[in-house]
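The same subunit A turns up in both complexes below, where it pairs with subunit B and then with subunit C.
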Partner chain A sequence: MKRIYPREEVCIGCRLCEVHCLVAHSKSKDIIKAYKRETPRAVPRIRLEARGPVSFALNCRHCEEPSCVQACLTGALKKDPDTGIVTVDTEKCVGCWTCVLFCQYGAITPDVERGKIAKCDFCMHLKEPACVANCPNEALLLVEETPEKPPKEPAHA
Partner chain B sequence: MKTYVPNKFIVERDESKCVGCQVCVTQCSFETHSWDGEEQAVKSQQDRCVGCHRCAMFCPTGAITIRRNPLEYRENYNWRAEYIEDVYKQAETGGVLLTGMGTDKPHKIYWDHLVLNASQVTNPSIDPLREPMELRTYLGRKPEKVELGPGNASLKTRLAPQVPIEVPVMFSAMSYGAVSINVHESLARAATEAGTLFNTGEGGLHPKLYKYGQNTIVQVASGRFGVHAEYLDVGRVIEIKIGQGAKPGIGGHLPGEKVSKEVAEVRMIPMGTDALSPAPHHDIYSIEDLSQLIYALKEATNYTKPVSVKIAAVHNAAAIASGMVRAGADIIALDGIRGATGAAPKIIRDNVGIPIELAIASVDSRLRAEGIRNQASLVAAGGFRNAGDVVKAIALGADAVYIGTAALIAMGCAVCQQCHTGKCAWGICTSDITLTKRLNPDIGSRRLANLLRAWSLEIKDILGGLGVNALESLRGNRLHLRGVDLTDTELKVLGVQMAGE
Partner chain C sequence: MPEYLIIGNSAGGIGAVEAIREVDKDGAITIVSDEPYPAYSRPMISEYLCGERNLEQILYRPSDMYSRNHIDARLGKKVVKLHIDARQAELEGGEKIGWEKLLLATGGTPIVPAMEGMGKRGISTFTTLDDAKAIEALKGQARRAVVIGGGLIGMSVTEALVKLGLEVAVVELMDRVLGALLDEPASRLVETKLLSNGVKLYTDKTVKTIAGRGANDSIVGGVVLSDGQKLDCDLVIVAIGVSPRTQLVKDTLVKLNRGIVVDNHMATNVAGIHACGDVAEAYDYVYRTFRLTPIWPNAYVGGRVAGFNMAGKTTEYRGGTNANSLKYFGLPVVTAGMVNPPSKDGLEIISKAEGDVYKKVILKGGRIQGIVFMGDIQRSGIVFGLMRDGVDVTGFKDKLLSEDFGLSYLPESMRKEKIKAGSR
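Then we have the complex of A and B:
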């Protein structure tokens, strides 16, 4: 099961993860069009948390027992039993924001303009999640692991 | 006071490409870019731009171009823009002008006037892809002669400590405090991977890097910061720093703002206090005094490590080097006028010292003439840019070279010369924790190791072309060099013939 882990000690707070997440979830997949032409603009599913020197990028943790899935009134949120990825069916999402309230990580973004939620879908259409692929300082790690284990430290740390 | 110093750079933002993501705003440590919420647009305050290219490199749409400000003065060879502006700056501040990196003045670069030989017809060249090439270099004092034991199966002569390096390129002294812990870690890991050495500089060694000690040169300089028994024990080589190419005759000054809790602990000084390295070692006023320190360090480490002595290349470098060898130095490190620094008075950096090429040649010749060249290895530093420079230095007589600036460039440095401000946007020469994170040691060490690998492949290519299969066969062999566009005196000092001769 793959997971994305932020490395706070090398996150430089540039927000390029947000930029590339937005592009990956845009219609055109073209950065300039995604920002300048598409309305409503796509919403990044990852968010940089920063205060002073501390920063890290946070997206859906794809929890073992996701409270958002339990809370969802319409059954729009589902956890895939094979991949472990929590996905949203935007056809079913009614924009009630219950999952936004329930997520203890604050990892679900209300897409107010569309009246739907936006959340990390692990960029299943790409080889690698856009945030991981485009982090300039390798501060987002894609780790293959079983859920019980703590995040692996990189080989040389 | 109103400044008369114009902007150095113009920040051009292609509005058709700018998506307002504000990555440039987050990345500029000089606060050039800012977000105008009212106009929903990024604005730039151009007078703050130092030309480090951080924003341009990180802009996801390539919307930013940094150009030199074309504001021209009336043409005047004597009063060029830089000299006019230096006078403005001093008239406004009344102070010594500080700067970082190596000199940017057009001192003659002799590497560009030296060319290498290659084998043609009468001797075969070697293909380094098919045949083994030996780059290993042993640093340390070599014996006058070697005596073998019974049956010539063992060595009778007791050898002084020798330190092998697998590529004749080491990382120059850059102190923890001047550069960040992530820079030190990157250098240490890359040196370990490449089988070479990194130099701590005068600021001690962070305990978390002790595990790289076998690839570490521990420096002892005039302030003795961070020097203690364990530090000396951990290192592979001990280096006494007398001088530095960027600022011969000048001490060091790490401002109190950079002396964080950890820097203070490693340097063994109170937090927040200025770390002042005196200009001279106050216990070294002669060769005899130097000898005392060399032997004190050898004694302290039970004669297990070579002791290096580093000086800035100055007019009498050859005579001084001879004295250093006689004082017991096992390695002579020479730092030429193009050597760099984290902070130095500009007037010193640009005007004091001699080019490293001439220093290598004159020191090597002098030590040979006196019959003591075997007693010390010669390490050259000061502006080495590529493998060609390295090979030429070795042909001139060096055993190995130090690279500092090239190593920093490998980690992202754009040589913007703002090291002395402590605001390095690339997170290299700073102790600001929001900036130091910008150098991920995983990436830094990988880039450095790649650089060393690339240079060693190129060195092997050059050696193969020369028809030699070991660096030892090139060392001090100036017949492999020829001079182009040099005067007779220059050729004489360099000890090389004119091309065509």
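Then we have the complex of A and C:
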């Protein structure tokens, strides 16, 4: 399955991944409208962590044994057995935030305005996830991997 | 004869059948439940009661999940006896179902204390959809309700009743609500929220008598508290808590403590019989012992582990602890592990309170034992994960409660390993 790996060696903390994630999950898909006109504003599903020179952006790991899916009280979170992608059915989600507590990556965001969670969906509507496509430094790497064969450390460091 | 017999059709039972079907596509599965509904989300019966969701909308899995997975679902059937030597479960009416592998996922049963005046119309518990339906049927004639018990179930029914426009009074034995889940400052914040929503609180009190009205006093008219106060009401909801539903294994070979005793494979002491969920005493990694941790996520994971083992894929339960996310009247609170330690010896407590935000972690030897996050819960999952993994947080303990806490505070090698691992 696909995973997105942050490369903190080249991440400068510009937050463009957050911006483009937000736009990709907005109604209009337009950067100005998404920020200026849409209320409630869309919520980014990737989060930059920055501390001194260390920075990297993290989103859902689409875990092999996803705690969020297993903890979900309503059945709104599912792991697709074919693609491995963890998705949320926002019709079923009641915003109980149990998954927020159970995600050890902090990768699930309570979208308080909508009363639903927001999480990475791999931008299935796009050719490539928006965060990966718009990172100016290739600090987000899209990797195809199998559980048996973990990815090699990216050559570039 | 089914290869797999599952008694219980909630989180644990579903966790088990989903795991079984991942490794065994064909083995015959029978699932029996005395509830007539497809698996539904038990915590959502409050949303059902207040009319925000219907049955279809609280189903835990699509209703065709049984047929798609070739599961013989015997819903609305009650197992009354286990014949363990013969490996047979006897249903009400006498029918017997055999098993190769049995899972006891029978859950809990509400505790109803001895009170004078029981048996009147208008008294209910609140753990099943039928409970919610019973209350729903009476809500039109009800103006006031008394909820006995200020725990999780009590709070959730209270919120639903308030949304329905009822006046609600909560009677709690302890000196504060949610005393088992929250520390005192957090309980007080929840209480403030309750009071501002018109809920009346009667702490340090119990209900002695349920008074009647109508012909022969057959309908609930009020309650009398332990201090003699009288409260008028039309509904009494008993929400003291639940106890493991162990009747089926009483006086059998299956080892029983407060709940069914299981090992790290969710196996009981009897070959071929597993147990999980609210009925089982599974490993708690905070208390480092096998004990009841009756929460939905642990039931699902325990059921999943049981299912794998039943189907021949050896799997260990890594342990679970009590962990809850609450959102009564819009106030987000998460809590996990040892929140009210029996003694403060050897413990370090870090806390922070600012306006609506309250956070606390309890440490022992640099390892997290318990957490309460209120108001701002966004980063609580990372802290909970560090607690689960037993990570020594000494080097960054002062940052655990900060708004921007994250994996960046972990040592580089640990952080990179964690991100790469993608949770195993």
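One rule holds in what follows: the second predicted complex is superposed on the first by the 148 of 157 C-alpha atoms of A that agree within 3 Å, B and C clash if a C-alpha of one lies under 4 Å from a C-alpha of the other, contacts with A are read in each partner's own complex, and residues count from 1 in each chain.
One rule holds for everything that comes next: a residue touches a chain if its C-beta (ideal position, glycine included) is under 8 Å from a C-beta of that chain, and two chains touch if they have at least 3 such contacts.
These numbers were taken from a predicted model, which means no experiment stands behind them.
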| item | value |
| --- | --- |
| Fit or clash - subunit C, subunit B, common subunit A | fit |
| Partner chain(s) touched by A:K36 [first = subunit B, second = subunit C, both, neither] | first |
| First (subunit B), second (subunit C), both or neither touched by A:H20 | first |
| Touched partner set for A:T74, first subunit B, second subunit C, both or neither | second |
| Per-residue touch tally on subunit A - higher for subunit B or for subunit C | C |
| Angle at subunit A between subunit B and subunit C, C-alpha centres, nearest 10 degrees | 150 |
| Partner chain(s) touched by A:G106 [first = subunit B, second = subunit C, both, neither] | second |
| Which of subunit B and subunit C A:A133 touches, first, second, both or neither | neither |
| Partner chain(s) touched by A:P53 [first = subunit B, second = subunit C, both, neither] | first |
| Contacts of A:E9 with subunit B and subunit C, given as first, second, both or neither | first |
| Smallest separation in angstrom, by C-alpha atoms, between subunit B and subunit C in the superposition | 14 |
| Common interface residues of subunit A - those touching subunit B in one complex and subunit C in the other | none |
| In the complex, subunit A residues that touch subunit C | 3, 5-6, 47, 49-51, 54-56, 58, 61-67, 70-71, 73-75, 91-92, 94-98, 100-110, 150-151 |
| Residue ranges of subunit A touching subunit B (in the complex, touch as defined) | 9-16, 18-20, 31-32, 34-36, 52-53, 134, 136-139, 154, 156-157 |
| Residues of subunit B that touch subunit A when the two form their complex | 16-17, 19-23, 26-27, 58, 60-61, 189, 427, 432-434, 437-438, 440-443, 445 |
| Touch list for subunit C against partner subunit A, complex | 15, 41, 43-44, 47, 53, 57-61, 296-297, 300-301, 304, 323-325, 327, 332, 334, 336, 377-382, 384-386, 388-389, 404, 406-409, 412, 418-420, 422-424 |
